Amino acid sequence: VEGSDFSFAHEIRVRFAETDAQGIAHHAAFLVWLEEARIAYLDRFTGGYEHIREEGYEALTTGVHLEYQCAAAFHDLLRIRTRCCGLRGARFRYEYRVERDGEVVADGYTTHATVDRATHRPTRVPAWLVDAISAAEERPAS
Amino acid sequence: VEGSDFSFAHEIRVRFAETDAQGIAHHAAFLVWLEEARIAYLDRFTGGYEHIREEGYEALTTGVHLEYQCAAAFHDLLRIRTRCCGLRGARFRYEYRVERDGEVVADGYTTHATVDRATHRPTRVPAWLVDAISAAEERPAS
Amino acid sequence: VEGSDFSFAHEIRVRFAETDAQGIAHHAAFLVWLEEARIAYLDRFTGGYEHIREEGYEALTTGVHLEYQCAAAFHDLLRIRTRCCGLRGARFRYEYRVERDGEVVADGYTTHATVDRATHRPTRVPAWLVDAISAAEERPAS
Amino acid sequence: VEGSDFSFAHEIRVRFAETDAQGIAHHAAFLVWLEEARIAYLDRFTGGYEHIREEGYEALTTGVHLEYQCAAAFHDLLRIRTRCCGLRGARFRYEYRVERDGEVVADGYTTHATVDRATHRPTRVPAWLVDAISAAEERPAS
């Protein structure tokens, strides 16, 4: 996958608390970073996750697939290239490439479902959110 | 403080994800273990935290004081000796001694306040909970 | 996949710290539980992860694939059915089914590579570990 | 304590993964943020924690005291006002005030000891680090 295909990038710095006794970032920390990248994406393009919740929706994570290409170390600055794709009904998907100085550290995707915040029942991604994401993804790549 | 003064003990095993690049358990992990010990204490003596929430209460953590005497390592089996004390109005306090094979690894306390679950306003610890905790603390030490 | 195909099961109880503002267990917590299940598996069948490290090996996580079928809540008791398979050279794989009262909460797999602890270079899974895992997986299912 | 007394401030944004089922940031997350503030402080004034480790030292956390004045919520931008004080032999201390829009969310301190990285024995804070911290703390307050 070409890096230029990603509509968005978010940077994080590996925290000491995120390392483990192997001296590298623990693999579960990546899921937290991907979530932070999604939140930053929503902030940038859609009015933010808080807005989505206020409108009565919640987005659940229904799956994760991640491949770790090399280790990340304490204090590494990681660039999480992110795009949202595959909106269909209540479902959508984010794809990622985590890079350090252009080198791929990990890549993969997460899948999600929109639910009604009160009932937790699946509900279509609202049209305004579909439109905001489509507009974001049709932009010239950043 | 004598170990025999503690009314309760809860055991945890240090997870690999809880270690850091110093090769020891990260100091923030202790707060999660103390919370697990409080939950186990409430299960044992009061009908459980879920019951407290169902009754319309929430317990907030308002303070923490912890001194680390020595490092804990991956896979260490830690015994968290725990007692609840100082109930007054909406406030109460837990004290702890974290031990490994009888050696003190850390000790300290956390402070808490009971709030109404809906309003998050401070509200007196309910009488039934005061009674359950008093009964637990007056038992012969385990 | 039939539950009877899993050679091992490990139980965890969802911690309060593992929940998030959606009121359910955060999806990243599952990776920590799967790791705890792997550690317990190694304790049971191979002499433990500490032994593997003492022998000069380290096991890296190279990938994760997990599908969340339903939410887990605070205090839920989850049974993580686990098996190790696909040992080939330096690589192996664990498969999981996370259950609550027989209901599938999540399922998936993680992939791993054995490395030399000093150099972090890939190195074949040692024969004694292959043998221990083979013996575990050929047992009648528990 | 006056805010103007703090030599440094570091900002963090509350992650979704750091919230819990009470709908607020979990109290253990604060320890991770304080650590991130210390790392940023060392980056700014002393050449960074990595440099300290390369010089053969490690800094252990020996204690924490934190009082939570009010809850922090998902996505809150928190300003962690930080100063280092009380260097004596191998020991030193950081003090903090966590603010949101000028409101105090939490305050407290952590205590630390410098150890030899290889032996984990206490060892005096090296003179160059004492000097760097003294210079930082004698600056006009930021």
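Each chain gets a letter, A, B, C and D, in the order it is written, and its residues are counted from 1.
Keep this in mind: contacts are C-beta pairs under 8 Å (C-beta built on N, C-alpha and C of every residue); 3 or more make two chains touch, one makes a residue touch a chain.
All of these numbers come straight from a predicted model, not from anything done at the bench.
The two sequence copies subunit B and subunit D touch through a face in which the numbers common to both exceed half of the numbers used overall.
Ranked by separation of Cα centres from subunit A, the top chain is B.
Averaged Cα coordinates give subunit A a centre that lies 29 Å from the centre of subunit D. Inter-chain centre distance (subunit B to subunit D, centres taken as mean C-alpha positions): 25 Å. Subunit C and subunit D have Cα centroids lying 35 Å from one another. For subunit B, residues that reach two or more other chains under the stated contact definition are 16-17, 28, 31-32, 35, 74.
Contacts from subunit B toward subunit C in the complex involve residues 15-17, 31-32, 35-36, 39, 48-50, 74-75.
Residue ranges of subunit D in contact with subunit C, taken from their complex: 16-17, 19-21, 23-24, 26, 28, 74. Against subunit A, the residues of subunit C that register as touching in their complex are 22, 27-29, 31-32, 35, 58, 60-68, 71, 120.
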